[in-house]
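Dropping the structures in below, format is structure tokens.
What follows is a pair of complexes built around chain A, which joins chain B in one and chain C in the other.
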Partner chain A sequence: MKDHLRAVSGQIIAIGVALLMGAIIILMVGESPVRVFMTLLRGAFGDQEKIAGTLLQTTPILICGVAACIGLRGGMFNVGIEGQLFLGGFAAAWVGFAIPLPTGIHTLAALALAVAAGAAWVAIPAYFRARYNTNEVVSTILSNYVAVLLTSYFTIFLFKRPGGWSETPPILATSYLPEIFTFSRLNWGLVIGLVLAVGAALVFRYTKWGYGVTMVGSAPKFAEYGGVNVKRQGFLVLLLSGAVGGLAGGVETLGVHHRFMEGFAPGFGFDGLIAALLANGSPVATIFTALFFGALRNGSLLLEVDTSASREIITVIQALIILSVSAQVLVRKRGDSQAGERRWKF
Partner chain B sequence: MEILDKLINVALIAATLRTTAPILLVALGGSFTTKAGIFNIGLEGQMLVGAFFAVLGSIGTGSAFAGVACGVAAALVFALVFAILVVSFKANEVVVGLALNILAGGMTISLMKAIFGTRGSIVGHGIVGLPKVQLPGARDLLGSWAPLISGFTPLVYVAFIAVPLLVLCYNRTRLGLYIRVVGEKPEAAEALGISITRVRYTASLLCGLLAGLAGAHLSLGYITMFTENMSSGRGFMAVAILIFSNGDPLKVLAGCLLFGFADAFSLRLQTFGYPSYLVLTVPYVVALIALFALSYRARPRVIAETLESMRKLLSVDKSAEPGGKNPQ
Partner chain C sequence: MLSNTPGSPTLHSTAAMAVELTGITKRFGAFVANDGIDLAVRRGEIHAIIGENGAGKTTLMNILFGLLQPDEGSIRLNGEEIVIADPSVAIKAGLGMVHQHFKLVPSLSVADNVFLGMEIRRHGLIDHAAQVARTRELSKRFGLQVDPTERVGLLSVGIEQRIEILKVLVRGARTIILDEPTAVLTPQESRELFQTLRSFVAEGMTVIFISHHLEEVMDVSDTVTVLRNGRKVATRPTAELSKDELVRMMVGREVSFDRRPRASLHGDVVLEVKDLWARDDRLLPALRDASFTVRSGEVVGIAGVAGNGQTELAEVLSGLRPASHGVAWLKGQNLTALSPATIREAGLAHVPGDRMVRGVDRNASISANILMGRQHRAPWSRGGVLNWSAIGKNAETLIKDFDIRARGSGDAVKRLSGGNIQKVVLAREFTNGADFLLIDQPTRGVDIGAQEAIHDEIMRQRAAGRAILLISVQLDELAALADRILVMFNGRIMGEVAGDDADEERIGMMMAGVAAPEFATETAR
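This part shows the complex of A and B:
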């Protein structure tokens, strides 16, 4: 329990340090840090609609975060969530506008294809990682670029809405993810995300398979002697991670945009990965870190309106948070000199 | 045949050399960290800040070469942060590298908005590009083939000259030897009294130097402007090359020429009316195919090496213990 408390307090100190460095950078770009942080806070939680907006931004980050957690637990860096998100988003949109189905079934079918698309997109890097130990970080990063360009090609050359600008036709209303409130586009996607996060945590904690995954991630030799098929496990972990990444895209399409467009969800995949890292690979903790990043993102929309700072300043803050978390050895060196080496080796 | 003729000619080869240069510079930089046993996914970010600050420096001082110096300085700062976190704090190199890449992307866009008030790109504003070097006598010597060796910006020459220099460095200098020892057998380096920390810092900074040059070449040599995320994955392609070349300069050169060719060829295809989105995927697809194909071929070697190193590790453990306590 004490360890747990220390881990959380360490994370909070790291966030504090990062915010301080962020303040210095904000000063460098000629804005007042207080004003920027207050605007971010107001933009994220200012009123009912703003809070709903924050939750809306949290949804894809949370689902991508769970995808990243699954990979991290199994010792895999799925940096390709961004690409899986784009393909999943496009696949869901295609089912949504091209195949008429009854309400409910239509949504499920679209989500199913999104999941399949995400898994299929990561299948080749996953196969080579499991079989030949090909570095999955590089292969998934490079496949992101291909995914984004490929979905743009589909959208603009094959399925462009007549008269529209780089977007597909709108999906049929039968495939919408229902909205929760009337005043916001916040939809059941958030519930899907929460269920996924809790479900993943339960699987890791209570099932034999989940235990095997965690073992492969933290001690592959031990897992192998224990009878786990490490290669198959690694392949499945990446495939599952990709599937959840695809689902994130499907949820974003069916719940928010109701069509696929070029650059429809930029950066959510990376935000999810960062959220998962900050949560130390725990799906439940990812709920909170995703909420934090969702708030930053939603707050940043107001930032462009009310201050002269650009909204990318929150990207800077996110990166600084991760850097200071990885430098946490500074804080706890006295007690534990191995902390840095152990961090993110689950 | 005529189409083939139009696609492949002297201009294409010259274009290949031009597109190869930035990725070659950054990959050679990464060669130092790879050889020193660091997986450096942060090349992309170092290249990006290099490109941005090179433009800033060029505007500020009115001199392209001062701009290059600024770009290199910025990349060195990123490389230093990387080294501090990875070498001294032993943080996870993938996480730190990715975070620095994200930081580079966000920082350059934020600063661009703060300084120029625009999003997207910096064009004009008095950016001074690097001059083209016309080698005297090239035209007499090679006739119509002269564009192959003359008329490039200086950093293209630097990139290609760096290849033999790196070969010499690894094979003939003390630093090169130390870098290789630290990467391949850190225990041996330690036993010899080589400071692993110092060697890895040096390798990281050399990497930053070349990555900065690569960035400066992108924004001042290759074209004279800065755009958001203009390194567009070249740093990651360089990492892919480093994985299958194991950082050997000549293999790095071969890999980079392949990508340079894919890049130049895809630019050429675009002018023939193929959809640009598909054409733009060519370099990334080539990188992925090369990565997968070569890891498939390396399979027996990987297994053999793993067994070998395990065997060695076990025997070193037994024999090194008495020696370890009593160096020299």
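This part shows the complex of A and C:
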């Protein structure tokens, strides 16, 4: 419990330091930090529409964050969530516009293909990791570029909406993820994300599979000694992580855009990974860190309207958070550098 | 315990001594790493410090170099008493240490690494040319062949070590400490290193090197100090020693454990190993043609200096390393074809030698550690769902039964002492119903009280009819517990002795690689 408190306070200090450094940078560009942060807060939580907008931004970050948590728990750094999200998003769109199905079933079928696409995409690096011990960080990062460009190719050359932008035809209304409120595009994807986060936490804690995976992640030699098949669990964990990454794309397509377009959800995969790291790999804590990043994203929309600061300041603050969280982890793990290196191996 | 009495006259005639340690004691919690060690190193000699893993060699040298502070004892350099608060004091006093793990910057050149932190400057800038010239001069003088302009990242480990030595020389060391310098070297590189060490001595410098290789100690050193279990056994001129004398001093002559009383209850053969071969991580043969049996109710000991194939034997038997040839039957099932999980199902319990890495997840709770290996079975899990309340209750019971000193089953294992961590491993492995117990170094780094408790537990398991293979580098431990002792050298089983007739003379000979041919062939089977 004391460890818990220390971890949480560490992350909060890290965020605090990042915001402080962000404030200095805001001062340097000649804007008032107080005004910028107040505007951010107002933009994120000012009224019910803004809150719904924040939750809408939170949804894909949360699902991607859960995907990252699953990988981290098994000692796998899935940096390819962005690519899995794109492929999942495209797969869901394809089912949505190409295969007419009854309402409900249509949505489920589209989500199922999104899941399959994400899993299939990560299966390549996962196989190389299990078979040849290839570093999954590098191979999943690289797979992002291929995935993003592949979906661009599909949208521009194979499934382009006649006369439209670089986008597929709109999906059929039968495949929509239903919206929760009338005043926002916020949809049931958020519920899917919350259920996934809580579900993942329960699986890790209460199933023997989750126990084995946790041991593979935190003490691989011990797990091997105890009879856990380390390579197979590593493979499965990456596959599952990729599947959830694909699902994030499906939710984004069916709930928000109702079509697939080039560059449709930039950075959600990476934000999810950062949210998961900030949450120390805990899916439940990722709900809150994802909300934090969602609020930053949504709040930044108002930033350029109301202040002279660019919304890029949000990217700067995010980068500062990554820096201070990794510095914090390095300080904390100094006595246990092996564990530190394992988690921060790039 | 030849010269454990402080101030034995021959060793303490001050003036000629480069280093004198007196009564050095260092404790880590309840574990005594160095226990009243006296060490005197004459100026201009190569002084080897030899001992098993965990004998306290590195601790002692870290104290001398200021990396650790002794709890008791004093240090004199060149006859003058000194407090070495940190390594900078040691370096100023003319000491230099080459560690086991090198600390070099791969992206910098050799010369830049050598002068890192004490760069030669001109007009405030680093004078690379001068650094290169100085490095070249030093490397020529001592036969340390390196190209000062090469980038370190491109070089082999052997050359990296030369750079570390150059670093020490540049900082003006007159007494050089090397921690297991040959562990990372090829035989050729080792020979070159020894030549360099001799050239140091020829210039009036002093060399202290740590080793557990008999051969090289016999080859290069002038004087040997043997450490065992944190105590000094003896300091002797190398010329007066023979190899098997050295072995016996390393593994100990005085038996500190009494032989445990036992009833003979030899039952059926549980483990049968036949013509077993295995390779080490470098793919060299490390286990050669081992054949033996273990019966139920029997403790078979494996003796040997560490690194003679015991680790590989344990790993093959537990499924963690493939056998390259031969078979091992556990109750009729061939282990060499099975995974670690199926070997456990077949009836193996394994107390691993590398306890902290293999034996536990240090960050997990005691409950979670005890669950390992039995998470597939009721009542611990049903239909894939864990029953944490049953797991926790079981852990609480085992904490009581095995006298594990912890606040509760939720305690993280890393909060426990070494002995209590080992008890967690034993509690898990001895209660999973296995017929064959593979126990590797059960009391390494464990305090005396816990050692007794662990030995008691092993004897209880024997009485319960388990077949036990006990691997230990401590002869006295084997003499206390084993019914039969097999001696390994260079991957082979050299011979066998009965436990109640543990003739240390004969065991020592076999551990040093002197075969006792009349035993080796018949009784090992």
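We adopt the following convention: the second predicted complex is superposed on the first by the 328 of 346 C-alpha atoms of A that agree within 3 Å, B and C clash if a C-alpha of one lies under 4 Å from a C-alpha of the other, contacts with A are read in each partner's own complex, and residues count from 1 in each chain.
Basically, a contact is a pair of C-beta atoms (placed from the backbone, for glycine too) under 8 Å apart; a residue touches a chain by one contact, two chains touch by 3 or more.
No experiment lies behind these values; they were computed from the predicted model shown.
Annotation for the three-chain superposition on chain A: chain B and chain C clash.
Of the two partner chains, neither chain B nor chain C is touched by A:F181. Of the two partner chains, chain B is the only one touched by A:L142; chain C is not.
In the superposed model, A:Q318 makes contact with chain B only, not with chain C.
More residues of chain A are in touch with B than with the other of chain B and chain C. In the superposition on chain A, contact of A:S310 is made with chain B only, not with chain C. Annotation: chain A has no residue touching chain B in one complex and chain C in the other.
Listed in rising order, the residues of chain C touching chain A in the complex are 318, 320, 339-344, 350, 352, 354, 357-364, 368, 371-373, 375-376, 380-381, 384-386, 388, 412.
Every residue of chain A that touches chain B in the complex is listed here, in rising order: 25, 28-31, 77, 79, 124, 128, 132-135, 137-139, 141-143, 145-146, 149-150, 152-153, 156-157, 270, 273-274, 277, 308-310, 312-316, 318-320, 322-323, 326-327, 329-330, 340-341, 343-345.
The touching residues of chain B, counted against chain A in their complex, run 39, 41, 81, 84-85, 89-92, 94-96, 98-100, 102-103, 105-107, 109-114, 119, 232-233, 236-237, 239-240, 243, 275, 277-278, 280-281, 284-285, 287-288, 291-292, 295-296, 298-299, 302. The part of chain A that touches chain C in the complex is made up of residues 3, 205-209, 211-212, 214-215, 218-219, 221-229, 339.
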